[in-house]
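The structure's right below; bear with me while I get my questions together.
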């Protein structure tokens, strides 16, 4: 671990993770709030799920394409947790990546705040009307579960049956999660750091639980199920393909 | 067959099929009903076909990407039937896969019911106004035909001309089917198991026919046409490429 | 040519072209008219361009994926013309493919007519209000030009720089054309045969010109420009990559 | 340089860049203005971000697929600048490409003007209400930064970890930028040349700054950060993969 700490490549990866996270959150949240600029439209009525889901998904695709060879482009603390549990990164790297992600999200929010004409609503995650915190956690858990499962399976070096683009497959998994989660919540979930940085005004402890605990359990579960049940480390998978 | 029954890999595949089906149905149906949460909107008017079609298609893509190397990720009884008729899986595996799919859909519906604020409408397949059961069967038959044909052609190991991602190609075939079927019916078709699990309240025998018989005939026809006419088993296809 | 005429593979390709065209037109036109089933909606207002564009594009992708190795999946007389001019198919095959395409479109329209509750409007191509026939031809010409150019470039066997899926690239080119053409016209253009089969009620000679002459000129121009200017047959292209 | 100037391949690339730019701008801007043809709809209310974002992104994908092997398909002065700074093209080629791009955009606008029934609004880039020029520049800068970063990373010949389609990845990066930028501005940004050609009527100097200076700084920054920090020329990257 000490050696890793001294490598230039290691710190470059942390910087790349920060940079990519900043752009990803800026565009994702920016696309989610931008419709409010149109003055003649009822905000709640025109919330365009497809647009926002594509922005988050293609944001992951584009950043994974751009810095995947530098940092791996986790861009989500739950993905980093999943890869840590799967023994693919060191605990030091995991902690620094999470820190870089949170910092990136804060910087993105600050830029977005500076360039938005409407300062009132800046993308605070909230549950949809009538949805309890427990119900919200289930949604966050399941959509993060499928994302981390997809990341682990798509980047599994033992597989020889995958031919397409990993950044595209993972980005579409992110889009998938948002397609269901955006309308269940009043706003975007899935992205922990996003929430963290935007939640400064949020005083509800339940929100913190939903958008951190849900995804973390989902990521942890995906990692354990993939590594111990579906494709145990000891298998070489070649008998299955 | 007895030997297959004893293999751990065999049962792992059944478990993976159940797990993937649960997530697929949860997100697909969840995206289809979630718009009803928005309180100020007329439900029937804003039904967003593109959103729901993308959710079902990318759900198949993501799950095929995630467990394709474990179970093959059929995620549809008509696909399983098509592969059985095409002699690619044993009858034992086909039956257990269908069971796993139906169980997965039931579990997904139960979770969705538990976490939805609006319990009244939970995604019961219904025909659009004015559409007769016979007309509905034709839609189900054709969209399942193109899906099973796409699965068989995309996974045909004799082909050397395919370079892209099979999970993406098959997922887009599912999206394609939903783009036409969602508005013809008042609700989503194509997904047999989905219907089965949600149909517990449904007393109309015609619905059962439409959403089971239509797709099964479509899958059967696709398998026979592909295997006996378009690309017979005896051909090596190399003369065509 | 006589020998080609006697080969089973040749006739199989014609059958595959007919089958794929039938499914493609059924789903494409079906998605374009299906919104009219929703009774409470103003038809012209909700015409969903993205939905219909995706249906046509993913229809091409799915069918090219499914029968591309059998017939090449032209699915458009202008593509067949472009490949004929590019000397990639015989004139006999070109004529039979065009016939199969027109027959497929007619059969698809007949099935669609039989299963649609609303028989009044079944997808007749019409120019948007205020658009002159000459303006319509320019749109048809340009969108077919980019499609045929994309087909020729994507399937150019001399290229070593392409890694993705050809069916997806070509399908997205079809989506692209529809994204602009659908709202310029009151209805879908691009698909010659579609028009032909649906135009039985159409008495305006100008429509025939727009939806046949425009695309044919576009396909011809793309073929000549690609083969004689951009990537002449005599070049091996290896100096460019 | 003198030798390059005399090569036929060099001039062919310039012609291809002009041709592809013409088609790209025609379809992109055409899709952005076409909704105004629908007479019963409030223009500002139905601006369909997803449709226009897909048209611009798939336009880049299709043209890169079609002429990428001829000219490289930059289709954006900021991409050309980024590749110049990255020493991948000569300054002569860069200048001629930019000229070809601006000419292509002007020709596209002229054709579009000729074939549009509504001559009043033809796609002039404008900032959204309440957005200051400085805020606009930030948006343009960031969305161009991510695009040029994606181009450089995706076409980096040292990488061995990329398997998908480069034209698709870059096209989705363009879509991503438009998903956030279209609603921030009253109209499409990102595409410098587009603006240039359409801005003939535009007398506001600030617009010129936003749509030229912002992207150029973004492209320059992406090139410097990629080449000197993330993936310096001296590295062979093989230690990272």
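By letter and in written order, the chains are A, B, C and D; residue numbering begins at 1 in each of them.
Here, a residue touches a chain if its C-beta (ideal position, glycine included) is under 8 Å from a C-beta of that chain, and two chains touch if they have at least 3 such contacts.
Quantities reported herein were computed from a predicted structural model and do not represent experimental measurements.
K.L.:
What's the farthest chain from subunit A if centres are computed as the mean of the Cα atoms?
P.N.:
C
K.L.:
With touch defined as above, tell me whether subunit B and subunit C contact each other through largely the same residue numbers, more than half shared, or through different ones.
P.N.:
Interface between subunit B and subunit C is built from largely different residues.
K.L.:
Compute the distance, rounded to whole Å, between the mean C-alpha positions of subunit A and subunit C.
P.N.:
39
K.L.:
Would you mind pulling out the distance in Å between where the CA atoms of subunit C average out and where those of subunit D do?
P.N.:
Inter-chain centre distance comes to 27 Å.
K.L.:
Quick one: which residues in subunit B touch 2 or more of the other chains?
P.N.:
Residues 50, 162-165, 168 of subunit B each touch two or more of the other chains.
K.L.:
Hey, which residues of subunit D end up touching subunit A in the complex?
P.N.:
Listed in rising order, the residues are 42, 44-45, 47, 49-50, 53, 128-132, 135, 138-139, 142-143, 145-146, 149-150, 153-154, 156, 159, 161-165, 168-169, 172-173, 175-177, 179-180, 183-184, 225, 229-231, 237, 239-241.
K.L.:
Per the contact definition, I'd like the list of subunit C residues that touch subunit B in the complex.
P.N.:
So the residues of subunit C touching subunit B come out as 9, 12, 15-16, 19, 23, 26-27, 30-31, 34-35, 37-41, 48, 50-51, 54-55, 58-59, 61-63, 65-70, 111, 114-118, 163-168, 171.
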